[in-house]
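Below, each structure is written out as structure tokens.
Each of the next two complexes has chain A plus one other chain: chain B in the first, chain C in the second.
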Partner chain A sequence: MGDIISFAYQYADSFALLALSSIGLVIIFGMMGVINMAHGEFMMIGAFGASFGFQWGLPLSLAIVTGVFAATAIGLLLERLVIRKLYGRLLYSLVATWGISLVLSQGALVLIGPSVPSLPNPFGTVSVGGMNFSVYRLFLVALAIALIVTLWALMRFTNFGLHARATMTEPDMAEALGVRTTRIYMVTFGLGAALAGFAGAIFGLSAQIQPTFGAAYTPIAFIVVVVAGSRNIIAGLLASALVLALVKTSFTVGFNILTGYVAMLVTALIIIRLSPTGILDLIGKLKALASRHRSSTKGTSAEETKNA
Partner chain B sequence: MRELLNGRIEPGKGPVFWIVGALLVIGMLFLPGLVGRYTLLNFNSFLLMVFLATGLALLWGFCGVLSLGQSAFFGIGGYAYGIVAINLADSPWASLAGVAGGIVAAVVFAALLGWLTFYGHLRGVYVSIVTLVVTLVIESFLNQTAGPQWKIGTAHLGGNNGLGRFSGAAENIPSLTIPTGGGNSLVISGSSPTFYYVLIGLIVFTYLLLRALVNSRFGVALAAVREDPDRAETLGYDIRLLQSMTFCIGAALAAMSGLLYVAWGNFITPSVFGVTANVLPVIWVAVAGRKSLAAAILGAVVLQWGAQQLAISGGEWALIVQGALLVLVVLLLPEGLLSLRQQFSRMRDVRSNSLKSQSRQG
Partner chain C sequence: MNISRRSLMKTSVALAATSTALAPVSAFAQEGPIKVGIIDDASGDFAAAVIPKTQGARIAIDEINAAGGVLGRELELIHYDGQSDVRRHQEFAQRAILQDEVDVLMAGYTSSEREAARAVAVENETIFWHNNQGEGGIADEYSFFTGPVPEQQILPGLEYMVEKYGKRVYVLAADYGFGQVSAQWVQASAGMAGAEVVGLEFIPLGNSEFSSSIANIQNEEPDFLFLLLVGSAQSQYFPQAQAAGIAIPSISTVNLQQGYEHKLFPAPTLENLYVPVTFIEELAQEVESAQVFVDKVRAAFPDTEYVNQMTRCAYVAVHLMAKAWEAAGTTDTPAVLEALHSGLTFDAPEGPVTLDPATHHLAMDIRLAQVQPDHSVEFVEDFGVIEPWWLKEMGVNLADTSQSRQYLPGDDPDLAAFLE
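Take a look at the complex of A and B:
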């Protein structure tokens, strides 16, 4: 029984880590088709901003808001100066944002220094049935779920969500119908940067904040995003994080952390090997396969190859 | 043969190009007489990266596959050289066996990874991301190999201290050694003029060979895959085979750089798999012009030299400048500095009313 609870706790923790570190990237890639290699650096800026805010005497919650603002501001600035000129040119956007990531992380090192004071972690531990759980970890899980639900509601029920979904599926038609697609792209990029900054500030509560802070999260976030695909970004993110976290936790518990990491990568490779457009199409294919001998016609077209 | 060397794909032809190129190479031969041993040591380290850069240019500029993980093959080539050479330390053939081992290991790994990605119908950014993540995984794997149980034969992997004398292990990685018969052998240390001449020779040879390759029918097929993979496939090209083969050639070139790097410095650490190590070749090739092997060679040498000058005077600003340079080039000159020349010659051609200029683009 204890083992099951412990596994569930670790599973939820991995899920929260994957979902939070990739949510900003998923939005930018899924909605704009832009690969943002500076994602980890936006997280770093969020953590730096929060640390500065806290040093200025702001309460912790407002310090985190400061970090989110810093990441959003830099995200919007970069969108106007660089990203805007690279829409629809996937490889160029990837290379340019890689350059930006180098400038941001190295710039932080030169201008601010190798580290900034850490943030205090206000959460303690809670003891249930003789087992200790970190409240912070449980908070991350709740936060990840809350963010996914909020994002879903934003896309589903608001005007912005409608316009954003229209821009994502048929940019030209949306534009012709009066949607200001450039503004949608700008807001989307800002939202992605804000979410990255938020995740960075929250992770900063338990980690040393340094210029290379974000670099560790970027590859993990990319794995989640590639598996999530861009058909339905929120369901994709959820499915991707749930499956990858399961693999990561199982192998971490069974072997060690590195094996968990490698197993997660191999799983991601297998999933995109079977279905290059992401895990949702894989699930769709499996469903279609299962229902074939029930003579159902519920198949999904898994065509739409993502091209560079 | 003349056609292959003066073909249509790789830019630069005509007597002026070849004379300038030959003069440049001949001029380079005088360098060891003009500079000190320390400068030569540095210069050797720039020159040995040329293979990595040309491999990336071949993949990205000629075949349209942007691999962000060329360092994986660089590192595998380097590590394999070290491991093989340490294990055969008593033999005069240790170093040459290391060279063979390094290239074979990298090509085998590339074939496997190419099968996973290209035959998995992955394209574009997906290939880029998979290659990058794979090298970062190798880095984290090697970083935790510090314990004594992590050894291959007599070579300790050494965790983040790496392989060779700096890891604190007893084994030293031998320099490039060529048996000359009768029990004698020529040891070529990383700071020696001989190492420099070997590099110049290898670079000229590799350049001419790759030039012939990209100007051959193979190169034309690669250009078709780059421009429109679906159309190329419809026309009967096996695009996955072409991409995988190019990937393997690129890996062999990266491994060449990696094993020369180890032979040059007699050590290697997992940081050669890191993000910075991966982004630098992309900067050289993107800035100079990815659609030319000659530009990639010049870009690699000039930018490394420039970065070192910056690092001497401006400390940590060197990486910022290089990152900013990459962003600027992508925004202003997406085809790299080389396109300046093409734009200039197009203007000249338009002025002389030549229609030929149109067909050269692409």
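Take a look at the complex of A and C:
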């Protein structure tokens, strides 16, 4: 029983890491197809902002909000100055955002220093079945789920969400119908930066906050986002994070940390190879394969005759 | 215009005379400065730990220049930012040696960075210094070391922990050269101390997720932990372990003394961590010369985060080279190597050190520090001066016979007996 609880805890923890690292990026990539190589640096700005906020005497929650503001502000600034000119030009946005990431991380090192005071971790430990678990890590799981649900609700029930989905699917048609697509892009980029900053500030509760803080999360975020695909960002993110976290946890528990990473990467590789547009389309293909197989074993069905 | 040859000659001589008279009178000889090449990480994953190391070198160089330099020549620091990148270390080593023609190269934090730069130095017969603790075992004609090595840290430290806490040890080691070799030393030391390694995990560099390792540790319930975690990402083990309620004492030969994690994480995250060190800033509480050194560093660099072990290592290295150059009367490598084999001593911040001619390592004072709940440090044991004896036991005598080889624990039959 203890082993099952331990596995579930590690799985949830891994899922939370993958989901929180990538939720900011999935919006930007899913919406605009922009490859934001500075994603990790937005996380870093969030953590730095939170650290400064806390040093200035703000309570922890407001300090985190400070981090989010900082990341959003810089995100919006970059969107207006740089990203805006690169929509639809995928490779240029890759190079430009890579440059931005270098400027941000080295700029932080030069202007601020190699590290800033860390944030306090107000969470304690909880005992279940004789094992101790960190409340903070459970909080991360709850937060990941809450953010995904909120994002889904935003997309599903608000005007902005409607316009955003329209712009994502058919930008020209949306523009023709009166949606101000440039504004949608700007707000979306800002939202992505805000979420990245939020994740960074939250991760900053247990990490050394340094200019290279975000660099470790960018690759993870990318893998999750590319596997998620851009068709349906919420469902894709969920499926991607759940599947990759499961593989990673299983192989880590079974073997070791390195094997867990490698297995996760190999899985991502296989998924992309089989379905370059993301895991949802892979699931769709598998479903189609299964139903075709089912109907062929049943003999000619009315369905098949109809489709013939 | 017709310029007669005589008037041209007269003008030239006049000009030459004037320029010599007007030439700035330099306090240093006209041969040019002695170039000290340093590749230290000022950015990237290791920057926080390595920036203090460069400060140590700068202070030594400034001190020596203020006292008149070496052989009447000024010491010039040529510093490259290794960017926590192995490839940069190789590139800059080549540039420093082939382009800048440095008289000595001091480079590398991780063993991979060190080896990248050291290979270039050795290939070009340039004297090389490595200035932090390491996995030891390198016996090379041109390479010298100021940091403690396993027989000075792992052996006495592990013996102490076994005596105090028990025989079951769990090891977390960074998954690369240094971590792997150090883990072998831990296994061998444990075997010799009659202890049992109940778990050994290698953690990839850059990994910051420890929930699986922590779960494993909770399962095994060891008496103490041996930690060999490198880089700021891996240091996230400490807050995660604390949040998970791990109250097991631990020992590390790399944490705290370099990355000063006790200043970066809030108390009591690192409580009950033991570190065998030659020098850390808190030694100023116990030893007068350490206090003097710390004051010097903080006066020159008021914003520095911590005066770590590597500040002392780089400082000692520059001073020892200065002594060698003076003793040799030249910067020509063969003569300097001979001088380095003459049993040089120096008053390091923690106490006098001797450069052992046979092994190119230092005999130095080692003390065991324990982190308190408020993150202050207490020195609970003084191991005295420990010689770098292991290479000698392996038959190395670089003063006599030159060679270039890294000895591993597996090469020693006494240690190999305990390795899987």
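The working rule: the second predicted complex is superposed on the first by the 292 of 308 C-alpha atoms of A that agree within 3 Å, B and C clash if a C-alpha of one lies under 4 Å from a C-alpha of the other, contacts with A are read in each partner's own complex, and residues count from 1 in each chain.
The working rule: a residue touches a chain if its C-beta (ideal position, glycine included) is under 8 Å from a C-beta of that chain, and two chains touch if they have at least 3 such contacts.
In this text, all values refer to a predicted model and were calculated from it rather than measured experimentally.
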Please tell me, clash or fit, for chain B and chain C sharing chain A in the overlay. clash
Touching A:F222 in the superposition: chain B (first), chain C (second), both, neither? first
I'd like to know which partner A:V82 touches here: chain B for first, chain C for second, both or neither. first
Would you sort A:L282 into first (chain B), second (chain C), both or neither based on which partner it touches? neither
Of the partners chain B and chain C, which touch A:Y9 in the superposed model: first, second, both, neither? second
Touching A:I23 in the superposition: chain B (first), chain C (second), both, neither? neither
Taking the superposition on A as described, I'd like to know which of chain B and chain C A:L94 touches: first, second, both or neither. first
For A:P120 in the superposed arrangement: first (chain B), second (chain C), both or neither? second
Quick check on the superposed pair: does A:L109 touch chain B, chain C, both, or neither? Answer first, second, both or neither. both
Please indicate which partner A:N132 is in contact with in the superposed arrangement: first for chain B, second for chain C, both, or neither. second
Clash-bearing segment of chain C, relative to chain B, as chosen among 45-53, 153-161, 171-179 or 297-305: 171-179
Go through chain A and flag every residue that touches chain B in one model and chain C in the other. 106, 109, 258, 261
Which positions of chain A touch chain B when the two form their complex? 35, 82, 85-86, 90-92, 94-96, 98-103, 106-107, 109-110, 215, 219, 222-223, 226, 258, 261-262, 265, 269, 272-273, 276, 305-308
Residues of chain C touching chain A in their complex? 42-45, 47-48, 51, 84, 175, 201-204, 206-209, 211-213, 215, 218, 232-233, 235-236, 239-240, 243-246, 261, 264-266, 303, 305
Partner chain C, residues of chain A touching it in the complex: 6, 9-10, 13-14, 17, 106, 109, 113-115, 117-118, 120-121, 123-125, 127, 131-137, 206-208, 210-213, 216, 249, 252-253, 256-258, 260-261
Name, in rising order, each residue of chain B that touches chain A in their complex. 64, 66, 68, 116, 120-126, 128-130, 132-134, 136-137, 140-141, 144, 229, 275-276, 279, 282-283, 286, 315-317, 319-320, 322-327, 330-331, 334
